[in-house]
Amino acid sequence: MAKRFLEVKGLHGWYGESHVLHGVDFHVDEGEVVTLLGRNGAGRTSTLRAILGLIGSRKGSVQVLGQETIGMATHRIARLGIGYCPEERGIFSSLSAEENLMLPPQLGEGGMSIDQIYAMFPNLKERASSQGTRLSGGEQQMLAVARILRTGARLLLLDEISEGLAPVIVQKLAEMVLALRQQGYTIVMVEQNFRFAAPLADRFLVMEHGQVIQQFTQAELPSRLDSLHEYLGV
Amino acid sequence: MSNPYILETRALTKEFKGFVAVSKVDLQVRRGSIHALIGPNGAGKTTCFNLLTKFLTPTSGQILFDGQDITNETSAHIARRGVIRSFQISSVFPHLTVLENVRVALQRTLNNSFQFWRSEKVLDQLNGQAMDLLREVDLEKYAALTAVELSYGRKRALEIATTLAMNPTLMLLDEPTQGMGLEDVDRIRQLIKKVAANRTVLMVEHNMSVVASIADTITVLQRGATLAEGSYEQVSKNPAVIEAYMGSANVELKGAH
Amino acid sequence: QISGDVIKVGIITDMSGLYSDIDGQGGVEAMRMAVAELGGAINGKKIEILYADHQNKADVAAAKAREWFDTQGVDMLIGGTTSSTGLAMSAIAREKKKVFLAVGPATSALTNEQCSPYTVHWAYDTVALAKGTGGAVVKGGGKSWYFLTADYAFGTALQNDTTAVIKANGGTVVGSVRHPLSASDFSSFLLQAQGSKAQILGLANAGGDTVNAIKAANEFGITKTMKLAGLLMFINDIHALGLKTTQGMYLTDSWYWNRDAETRAWSRKFFEKMKRMPSSIQAADYSVTLNYLLAVKATGSDDADKVLAHMRNTKVNDVFAKGGYIRPDGRMVHDMYLMQVKSPDKSTEPWDYYNVAQVIKGEDAFTTKAESKCSLWK
Amino acid sequence: MEIFGIPLQAFLGQLLLGLVNGSFYAMLSLGLAVIFGLLGIVNFAHGALYMIGAYVAFGLTEKLGIGFWGALVIAPMVVGALGVVIERTLLKQLYNIDPIYGLLLTFGLALIAEGIFRDQFGVSGQQYPVPDLLQGATNLGFMVLPNYRGFVIFASLAICIATWYLIERTRLGSYLRAGTENPKLVQAFGVNVPLMVMLTYGAGAGLAAIAGVLAAPVIQLTPLMGSNLIIIVFAVVVIGGMGSIMGSILTGLVLGLVEGLTKVFYPEASSIVVFVIMAIVLVIRPAGLFGKER
Amino acid sequence: MSALTDKRMQTQARWAWAAVLAVLLAAPFIGLYPVFMMKALCFAIFAVAFNLLLGFTGLLSFGHAAYLGAAAYFTGWLVKEAGFSPELGVLVGTLGAGLIGLVVGLIAIRRQGIYFAMITLAMAQMVYFVWLQAPFTGGEDGLQGVARGTLFGVLPLASDTTMYYVVLAIFVAVFLAVIRIVHSPYGQVLKAIRENEPRAISLGYDVDKYKLLAFVLSTTIAGLAGSLKTLVLGFATLSDAHWSLSGEVVLMTLLGGMGTFAGPVIGAFTIIGLQNYLADRVGSWVTVIIGAIFVLCVLGFRRGFVGELLAWQKRRQRSD
């Protein structure tokens, strides 16, 4: 059996006084690609943020490679080998595109080289010296994904990475995810864009009201389409 | 009217420190149509919008609205002419009620916005009109809530209602369905179609299914310049567009969003 | 008839700023010495001392004075340092018809344009300083002057009064530069002064400002080309600068602790409490309190008009002044002293700093009737 | 020799003194820019920290007999430590709210510091001696320049350039810049942001203290010396635009010179010239000379 | 919140106001020192003006003393040197402050947020230096001995009690005027601008003009406070224009509750009272105490007295 990379048990999360995660349970094995599905506001982003300790407060258990992270500072959790691409992209305006790219510190072996990254996203090379937030919406999205590929993180948390990208690029991203899977990366994706996510994931989790309400594998997908339709309007 | 185009640009160009983001674009938006602006990321779509509404100043070129040169007018002026934009990220007045959100937009027509000595009760005459607009976007139930309390899709709807309140001749929508679940996408798509009945819409959109179903004309930008223009059928068959934007697996990804 | 059954005397002065050494806590102590001398009470009515810090701000002084007269029943107010506050308090006292005894303020306006029947100016004024030091320097050959002036009532008055003396003695004034009260850095003002090529740099300022100006002038080598004339210098300033820097300078003051046996005896008592010798102003604080209280005792009343009438008819004879008297314009006329700072080797003990070069008779020191613009003295 | 009817001597002299003042503006606006840049807080207490730096040096010399050079090292460390405490206990609670509260909080801190020092030292000036090594003056022909003031110019330039290099050209610097915009995210990349922020405020406070120690021998130490200066420094920052470190350094120096010039030609205006320039710059370039377009 | 509880709160507020007004009306007869009360009322006007800008427009002006000071000087000079009647002196002083506000506003409005605060502070400091050097202000000495004169040629103001009622009447008028401004069509637009400026622009509002009007209104009222203060106390000095006063008015507003109507008034009375009470007792520690209140307010009391009270009432109602 593959190693457990991430184990989430009974995770509750709050933003200030509002309780948004109500006991999330799931796990991700090393080398797996898992997609979180759900309607707007179901709590998918919050789940990713909670894994890194980025939301107001959290309770329950989140183990990364067997280590309990509740109560750990965010930067120490990240150092366990997690790369995060946030929903709102988080490009820094005081840094150039290239500085943005180079910003995240090295977390481990085997990250992509700059040349590989530029080969994948030629736009970024061209705009390398531009101020980060001057890039177009889509370029910023590319940058946000690209910069965590450099760090050697083995678990990638990708929030809506196909958002706002031209179909060509979406297609490229799909290829990229597949390639990463090939290389043994562990990936947790949040996707609105079901068609994009469908062929990529090993497993799907459906969230509703801050809980995981369904789980199934790629193989089970065809048989689940109907019930998915009900939840997601797919 | 003699001029079939509500909006025209002539060789519109924007340079950022030597980088040409928009290059000699001649855009012609036909009165009463839904016009989509698409193109790869970084093609200059948002920049174009910013130029049209004067959030950025063009490096060169001209902008004509209804045949009149508006290149040198300020943002507020242009808005008052009836060119209203929505933002890529949702933009409402969070702590005003839904009704007040719309009313603030209607208020301009009363020309009393500098009257600090009158009671705000004079604004109540606008409530009926505001409710009508909310009804149009299915928000009348929420009229008394503050805008923060709305879900994402409803915020976008509110934004459109507010925009409609300005009685815009030309609406500029920047990726109106971005970040929405499928349900909401459909709601917004229908809404756009509905409100476009008697006005012009210019929109940026990556969601091809939306574009395909409602756009009358499509302009494809690439590297700041026009690559192709025409109906969805024409444009989507254009090899250059497929190459630059749709991608090879066009057919498969068409409905990807 | 003592109002409120207690005699309240107050002082509003600089308790924390650049003039606080000259008056401040020491001034309050001097008042206490006077009260103690009368046994702390007159005819069984207790004497109470109030003090407050005006931070050299006229508005603070005026507001405090008004509040004291309105709500505290203060009978007599001593004006501590700073002319602008003095003028402000004088106006309030006049409105409230209460005794105001100006000690620290230097401006001659208190007994001139702005004289008041309720104000007596006790120790010194800018006219006396101008005639004393200004006159001595011009006569000693310093004919062309440039002023470094503190930018408020006192500086202006001192510059004007000194200018008049210089002109009368055949000298000229080539220019002036104004600096804010309590300036932090004098270097650029001094460069301006140096550009003027005048012989004498007249320092129309006081306290910490004078001390710092003199120091900076040394630092920038200005003392090599110009001679400094400190128009108002107190013993505390000499103490701060040291004799090495100040030797040979002329200055005018209303009192010197080391003048005779009587002053020495009183000063040593003061020294025990304050660990420094009294300034002329502190001595005057004592004198003014004592004379006021004596007048209250004599008239048996703290009514302003009665007490003042008595004071006007009585000579001042105490450790501060001999044979002093109050003129109709409110000036207390007494002798002034032109002094020269000793060289370090001539100084026999700590605080032994001056030789008295000349005693200026009261009649010669202050404004004359002909010069006066006071309507009360016509 | 004369320039526009002004003796060359006076002219150059005032310029040089202006440069000394400009050095202080530069150092303070630099620290302000660093703290604002990295913490998003307009540090009104900057003036107070500068004042405290000067007084700590004063105390070290008067009470402990440690000389200027020792004070120049120790005082910034003491004030830096104070900064760290302030950051940990107070500022930390303000990071996610309107930056205006940061301004108000530090304003309150400035008042507290001012009050305490006023109680201890009064408002009258204290003297701090020039270090022996830099005693005396050099006759430059057109003026006598006290050696110490020349030293101030060089020292502050060196400090400014070192800081600029650290922030704009090193990896640590890029963490700092990114951290200001989105500290949570930078932390999510594995950087220890809380530590970084704390040290930054400490360093900013230390910078102010260095300026304070350098200033101690040339001006009167008063509890108010900081707040009077900080407002001018605010104007300097607005003129330069908070966007760039280099911008604040250059603007500081240049405005010092301009002030010096004004003292030659129209002394009455010298205290307002910086503000007038600020108004003009705002009309022409609202983002400031070096500020980035919004 | 239901309409019913809303009503109930309104009635409660009415009663509270009536009680406050009664106390204010009776003040001179229940042993409150009228000069103190007048000073506090002047500062209450000042704080109310400031709050119009900070609380209701979202602009932090850190140099509001400039306008109070300007009006103080104008009125002082006009009444003392030019022989104006008090009403005319106050009127011209007030408008003069508004005019300076207009000029400063035109410059400061170009930047937002924290920059706006810094620019207003710097401009105020510039104005301060102008007063310091201008020939008619008396420099460090200030203008002293400004007589109160006779109001409209019939009502002599020399008596503190008479003057007090005049000040009180003006205060009440200003207070009501500010409520009206906030609840006017203009106020509605201001609110929208404060909430989301880019959106307001895109709706065709020329936001700079609206902000400028708010700035001018606020500075004008601040001027009124300064003019009155000069008449009450009889002097105008640099302290009226000093930055520390600008800081104090921020504190008054913050402490009382910004964005509320009663807050600034309560804040003004608290701070002025505190200063008066403490000044003789603790000396320079007053500054420390004021600073500490600032810090505490920012850290844990951002809604101020009134804001906390309202929040508490709301919470109580929800749990009802």
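By letter and in written order, the chains are A, B, C, D and E; residue numbering begins at 1 in each of them.
Here is the rule we use: a contact is a pair of C-beta atoms (placed from the backbone, for glycine too) under 8 Å apart; a residue touches a chain by one contact, two chains touch by 3 or more.
Predicted model only: the values in this text are computed from it and were never measured.
Common neighbours of chain B and chain D, by the contact definition above: A, E.
Fewest steps needed to get from chain B to chain C, stepping only to touching chains, is 2.
Centres computed as Cα averages put chain C at a distance of 40 Å from chain E.
Chain C has its Cα centroid 79 Å from the Cα centroid of chain A. Per-chain CA centroids place chain A at a distance of 44 Å from chain D. Averaged C-alpha coordinates put the centre of chain D at 32 Å from the centre of chain E. Residue positions 132, 283-284 of chain E are each in touch with at least two other chains.
In chain C, 16 are the positions where the chain touches two or more neighbouring chains simultaneously.
Of all residues in chain B, none touches two or more other chains.
All chain pairs that touch, listed by label, are A-B, A-D, B-E, C-D, C-E, D-E. By the touch criterion given at the top, residues 52, 54, 73-75, 78-79, 83-84, 86, 90, 92-95, 99-100, 102-105, 107, 131, 148, 151 of chain A touch chain D in their complex. In the complex of the two chains, the chain A residues touching chain B come out as 39-41, 123, 127, 130, 134-139, 141-142, 160, 162-172, 192-196, 232-234.
By the touch rule above, chain B contacts chain E in their complex via residues 53, 74-76, 79-80, 84-87, 91-96, 100, 103-105, 107-108, 110, 112-120, 122-123, 162, 166. Within the complex, the chain D residues that touch chain E are 36, 42, 90, 93-94, 97, 99-101, 103-105, 107-116, 118-119, 227, 231-232, 234-235, 237-238, 242, 268, 271-272, 274-276, 278-279, 282-283, 286.
On the chain B side of its complex with chain A, the touching residues are 16, 19, 38-47, 88, 151-153, 175, 178-184, 186, 206, 208, 244-250, 253-257.
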